[in-house]
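As written, the chains take the letters A, B, C and D, and residue 1 is the first residue of each chain.
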C-alpha cells in the first residue's frame, strides 16, 4: 500500500474544501474525506496484518525518497504496528470530530461561522498527524510535528470559548517550546551519527543500528524526551492542557487530546527511547518519577475542578502520565501498555469531549454545579458521557482497563523499590479517578434536574450519534478483544525492547 | 632634515580621529556633527597616506584609497546636508536632540 | 453433551439479554423486557442445574476427588511470556455451587421484579442492568484466572453502581451508588496490587498454575515470596492481605462495610440479588478460590478471622438498633458474611476443614433465606411504601404468604432446626469450637443477637400494632411476586438437608457429613431465648424497648450511629484528602506550576517594556552604543580572551 | 581585444544591465513631458509598468550567460555564485518594486525612486563581486548613501526626514570606523586585496581589532546588536517599500558579502571571528526578540523581528562550514520571500489607509481574507513553522550552527524561536480572532502588488518543500 495516500487524502480534502462556497458542501466534503481516511486506515490495517505474516522486517510499506541530499535528509516513510494503531486512532477521531462539528461552533473575528476555514484546518491537522506517524526520518517527523501546531492555535483562537486567546497562545507557545527542545535533541542526535558515506543521518532505522556516543545520548535524551513529553503533558509542563482543551471547540479538543497528545508519546518512544537506549536506561528513574507525579497529582487536581472540560483535561494529564510511565519503565509489557494507553486514551478522551461538547452546545454551560439530571433529558448523550467516564476509570470491557492493566503489570516487572512505589501511586490513581468521574456523573448526569429550562432540550442528532458510535466501537473493540491490538504492536515494541536490551 | 617618525604621524591621525568622534558625540548641531565625521575621515586619509609612504612605498593602494574616500565623503556630505535641510523644513531646527520622535 | 458445547451459554445469555434490552429495550421491547430477562435467566438456570447435576453426579468425581474442569479457555491478553489474562470457564465444586446459587437467585429476582418494578419509566433499563449484573457475577464465579476475576469483579461493581443509582434523580441514591463504588474501588486497589505481586512473584495469573506453584514447597517462587519481605512482612503475606482487602471491600467487612447499608437505596429486589445473595459474598468466594494459598499463611488467616468475627459482632449490634428494615437486613447480611469469613479464617486446608465447608455451606443457605428476606421486605415496602418499621405492623393478615415465608426465613437465619440456616451455622460454630474458643463464644453471642434482631424485625412488621389502612390498590402482589417467595421458602427449608461436605471441601475430596446434635443444643437454646425476648419486647406495642435503650444510652447511641465509622471516613475524605491533598494540588497547579509558566511569559514582557527606553531616539546615543559595542568586543577578545 | 571586451561585458553583465536600466530611467526622466502649466504629466502608471518590465527582464537575464572570471587587476570577480546572489537581489528588487506600485502611483518622483533604488543595487553588486577593500568600500557607500535619500522619500513627512538623518549620520559614523579599521589593516598587511590578505594575516591584536571594526561595520548594515539602534527608527520612519528594501535586499547583500569575506578572506582568523559572531548572534537574537515583544507599530515590530532573524542567520554563519554558508544564502532567499510578503501586505494597507498599528489590523480577516492569509503565512514562515519554507531555513541554519559543536548557541536559538512565535502570533491573533468595529476596509489590489504577493507566497511554499534551491546553492558553494 502506498502510504502517501494517507497524506494525500487529507491534503486533497483540504484543497477541495478551499474551493467550496457553502457550509453544507464544505462539511460533506470533509465528511467524505474523513470517511475515506477511515476506510483507508482500515485497509492499511488489513494489508499490514497480511503483509506481516510473510514479511519479517520491522517496517512495512517503506518508501525512501531523497529530499535534501547533502544533508542526508530523506522523505522516508513506513509503518510498523505502533504506527498503524496510531493511524487507526487518528482516522477514528478525525471522522468523529468532523461529525461532531456538523453544526459549526461560532467563530469570532471573521465572517459568520467560517466553516471552510474550520474544516480546512481540521484536515490540515489530520494531515500532520498522519505524516508524523508514518515518518521514519527524524526530519520528516519533526516537520509534521510542527505542522500541527498552528492549526491548533487558530482553531482554539477563532472558534473557542472562554479565555480562548490566552489559551491558544499558551498552547502554541508551550508546544513550540516542546518543538524547540525536540529540535535540539534531534539535531544533536543527527550530528553524532556517522554513516559510511561520511554524512550524518536522520534516518530512524539507520540510527537505531548505530551506537551513539553515550555522553551525547545523555546530553540529548532529556531534550528530545521532555520536548516530546510536553506534547504528552509531562509534569510540570502540562499546564497548556487544561487551558487549551477547555477553551477549544469540541472537535479541536478531540483532536488535541485524542491525537495531538499522542504525537508526544509516539515521539518519546520512536525518537527518544528507540534511538538513545542507554540514555533511556539512565533517565528512566526521572521519567517514572515525573509521570507518577503527573498521574496522581493530575488526578487529585481533577477532583477540584468544576468545569466538565477542565475535569477531562486534567484527567488527560493523569492518563497521559500512564503513557510516560509505561515508557519510562522500559519493560516490554509496560511499553506495550503505553502504546495501548495512547490508543485507548485517544478514543476515550475524544468521546468524553464529544459528549461534553454536546452537553455544552445545548445547555450553554459546562459548570457541573449548573447541570443535573441530564440522564432524564438527554439519555443518549448522558449514556455516552457515562460510558466515557467508565472507560476513563478503567472499567473492564472498555479500552482503558486493558491499557492501564498492561502498564501496571509491565511496571511491576521493575523490581526496584522506587519503581514499585511509582507503580503503586499510579495504581492508586484509579481510586481517585473513580472519585472525580463519579462526582461529575453524579452531579451532572444523575441527581435532580438543576434547571427547568433544560427540560426543553433535545437529545443527540444523527451526526452526534454516529460520532459517539464510532468512538465507542473503537473503545469496545479494544476493551473486549485486546489481542488484535497487542498482536499488532508487539513486533514494534519488541524491536524497541531489543534496542533497549541490546547493549 | 630628519624624517618624522611614523609614530608621530600616527599619533596625529589617531588624535584627529578621536577628536572627531568626540565632536560627533557632543555637538548638537547636525552640521557640526557632519564636520566631526569629516575629521574622522581625514584622519583615516592621513593613515592611508602615511602607511603608504612609510611602509609600502612601492604600491599606490593607500593613496588611491584616500582619493576615493575624499570623493565619497563629499558625496555623503552632500546627501546628508540635503537631508538635514529637509529635516529643518519639518522640524524648524537642526538640533540633533530634538529629532527624537522615533523611539522605543 | 460436552461441557464446552453449552457451558459458555450460561454467562452469555444474560449478556445477550443485557445488550438486547440495553440497546433496544426502551423503544422496542418495553413491557416485555422483564420476560426477556426471565427467559434468558431461566435458560441459564436450567443449564446451571444441569451442569451441577452432571458435575456432581456424573463425571465430576474421579479417583475420589472432584476434578477441576476447564472446558473453555482462550488467551485474551498476553502481557509477557508467563503472564496473561485468559478468559475461560472453570468448573469445580465451589464454582458449580455458586453457579446454581447465582442463576437461581437471579431468576427469582427477575421474576419478582416483573411485578415489583411495573410501571417504572426505565423498566427495560432496569432489566438490562440486572442481566448485566448476572453476566458479570457468572463470569466472576467461573473465572480461571485471577485477572479474569478482577475484571468481572469490577463489572459487578459497576452493575451494582448502576442499580443502586437506579433512582438517579434521588440525591441519596446517587450518593449511595457513588459511595459503594468508591469504597469497593479503594479495596480493589489492594486487590490489584495483590494480583500484581502474586502474578509477578508467583509467575502466573492462572489459578491452577498459581496454586500449584505456591503450594509446592520446593518451588523457587514460594521461596522468594516467603523469604523476601517488606516492612517486616513477607511478600506472600502482603500479596494475600492485599487480595483479601479486595475481598473484604466487596464483602462489606469491617472497616470497609460502610457502603453496604447505603446501598439499600437501590430497588429492593436488587438488594436481594446483589447485596445479600451474590455479589457481597464474592469476597468469601475469592478466599475460597485461592484457599490453598491462603492456608499457607497463618498470619493472613488470622487476619481474616479477626476481620470476620469483628464484622459479625459489630453488624449484629448495629442491626439491633436500626429502624429501616432494609438497613437491618443489610447489617444482618454483613454479620452473616462475617460468619462465613471467620469460618474461612479458622479452617485448615485438606484436614480440619470444617470451617471451609461450613463457610461455603452458609454462603449457600444464606443466599436463599437472605434473598427471601429481602424479597419479603420488598413486598412489604411495595405494600406500605415505606422502609421504616414505625410505618408497619400487623401485616400478617393482609400479607399471609409474605408473612409465612418471612417467618421461615427468620427462623432459618436464627438457626432453628431443621431449617437451612441451622445446619450451616452449626457447622461453623463447630469449626470455631474446635479451633478457637474466643471466636466460638463471640460467634455464639452473635448468633443469639441475630435471632433477636431478626425477630424484632419480624414482630415489628407483622405483629406489633394493628394494620394501618393503606390504600390497598395492588394487594399483596402479583403472582410473579409471590412465586419467588414460595420457591425460595422451599429452598430455605430444603437446602440445609443437602450433605454439603459430600460436595464441597477444601481439597475437593468428599467427606462424610457429621451431625453433632448435642453440640447444637446451646446455640439453639440461645436462639430460642433471644426470640422469646424479642417477642416480649416487640410482639405488642409497648415502651419496654425504649426503656432498655435509654438504660444503656451510650451503647445504644453508638450502635444507632453505626459506631461513627461513617463520620470517621467522612472526616478522612472531606477534611484530609479534599482539603489537604486535592485542594492544594489544584491550587499549586494553577498558581505555582502554571504560575511559573506565566511568569516566564510575563517576565519577558516586563523586560521588554523596561528595555524599550534604551531605544531613546537620540542618534548620538546610538553612536555611543555602537562604539561601546566595539569596545566591549575589543576588551573581551583582545584583553580578556 | 574583442574577446576581452566580450569577457568584460559578460563578467559585468549584471552591473551593466542595471546601469542600462538606470540610464533608460534617467533618459525618460529628462525627456518627461510637461503640462502647459509646467507641472509634469501624471504618467506614473506607464512609468511603473516600464520599470517593472525592465526589472523583470533584468531578473530573467540574470539566469543566462553567467561566466566566471576576474577583472580590474583581479579586484572584481564574477562567478556562478555571485551571479546567483546578484540575481536573488534582482528578484527581491523586482518584488519590492511590484509592491511599491500602490504607493508610487500617486507619488511625484517615481523616476528618482527607481534611479536611487537601482543605484544602491548597483552598489551591492559591486560589493558582492569585489575582491578588494577599495571596491568593497565603494560598493558599500554606493549602496548606503542613496538609501538614506530613499528613506527620506516621503519628503513632507516629519518621520521620514528624521529617519533619514539618523540613517545617514549612523552610516557615516560606521563607515568612518570601518575606514579606520581598513587603514590599520593596510598598515599591518600592506595589501587590501582579498586574495592576498589570507597570506598576510598573522592574528595579531591589531588585526583582531581591525577585524572587530570590520565586523562592526557589517553588523551595522545587517543591524546586529549593539550596532542596530538605527534600524527600528529608520524602518518606522521610511516609506514601507523602502523599509522592505532595507530589511531584505540591503541586509541580504551584506550577508552575502560577509559570508564570503569571513569564510574565505578571514578564514585564518576563524577562531576569533567565530566567537565574535557567536556573541553577536546571542545578543542579536535576544535583543531583537525582547524589543519586538511589546511593539505596537507593525513596521517597528518587523524591524525588531528582522533583527532577531539576523541573530539566527549569524548562528548559521557560526557554523564555519559549507552548510553554514549554504544555509545562510538559502535562508536569505526565504527571508526575502517571507518578509516581503509580510511587508507587502503592510505596504498596501499603509499606502491606502495609513494604518500601521497592530490594533488597526483587528478584524482584518473579515474584510480581507486573502491578504490575511498571505500575512499569516508570511508570519508563520518568519516564525519557522512548517510547511512554510521558513521552517526549512531556520532548521538548516541552526543545524549548521550546531555542526560546529556549539550546542549552547543552538539551545538559545531554539528558545528564542518561542519568543518570536509569540509576537508573530500576536499579529495573527489580531487579524483572525479579534473583533473590530471599524476594520480596515476591503482592499482591491492592483495587478502588480497582487503579482508581487503571489510570487512571494509561491516562494514561501515552494522554496522549502522543493529541495532544488538548496541543492543548487550547495553545488555553487561546493564548486568554489
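Just so it is clear, a residue touches a chain if its C-beta (ideal position, glycine included) is under 8 Å from a C-beta of that chain, and two chains touch if they have at least 3 such contacts.
Note that the coordinates shown come from a computational prediction; the quantities given were computed from them, not determined experimentally.
Number of steps on the shortest path from chain B to chain D, with steps defined by chain touch: 1. A count of contacting C-beta pairs for A-D and for A-C identifies A-C as the more extensively joined pair. One simple way to say how far apart two chains are is to compare their mean CA positions; for chain A and chain B this gives 65 Å. Between the Cα centres of chain A and chain D there is a gap of 42 Å. As a whole-number value, the distance joining the C-alpha centres of chain A and chain C reads 37 Å. One inter-chain figure worth recording: chain C and chain D are separated by 77 Å, centre to centre, where each centre is the mean of the chain's CA atoms. Taken residue by residue, chain D touches two or more other chains at 165-166, 169, 173, 177, 232-233, 422, whereas all remaining positions touch fewer. Under the contact definition stated at the top, the residues of chain B that touch 2 or more other chains are 24, 33, 96, 99-103. The set of chain A residues that touch two or more partner chains comprises 173. Judged by the touch criterion defined above, the protein chains form a pattern that is neither an open path, a ring nor a star, and not fully connected either. Pairwise, the chains that make contact are A-C, A-D, B-C, B-D, C-D.
Contact residues of chain D toward chain A in the complex are 323, 326, 362-363, 365-366, 369, 380, 385-387, 391, 395-396, 398-399, 402-403, 405, 407, 410-411, 414-415, 417-418, 421-422, 425-426, 428-429, 431-435, 467, 470-471, 474.
Here chain C touches chain A in the complex through residues 75-80, 83, 85, 147, 150-152, 154-155, 158, 161, 165, 168-171, 173-175, 177-178, 181-182, 185-186, 188-189, 192-193, 196-197, 199-200, 578, 581-583, 585-586, 589, 593-594, 596-597, 601, going by the rule given at the top. Residues of chain D that touch chain B in their complex: 133-134, 137-138, 141, 145-146, 148-149, 152, 155-159, 161-166, 168-169, 172-173, 175-177, 179-180, 182-184, 186-187, 190-192, 232-233, 236-237.
Considering their complex, residues 67-71, 73, 108-111, 139, 142-144, 146-147, 149-150, 153-154, 157-158, 164-165, 168-169, 172-173, 176-177, 180-181, 183-184, 187-188, 190-191, 219, 223 of chain A touch chain D. In the complex of the two chains, the chain D residues touching chain C come out as 165-166, 169-170, 173-174, 177, 205, 208-209, 212-213, 215-216, 219-220, 225-227, 229-230, 232-233, 272, 275-276, 279, 287, 290-294, 419, 422.
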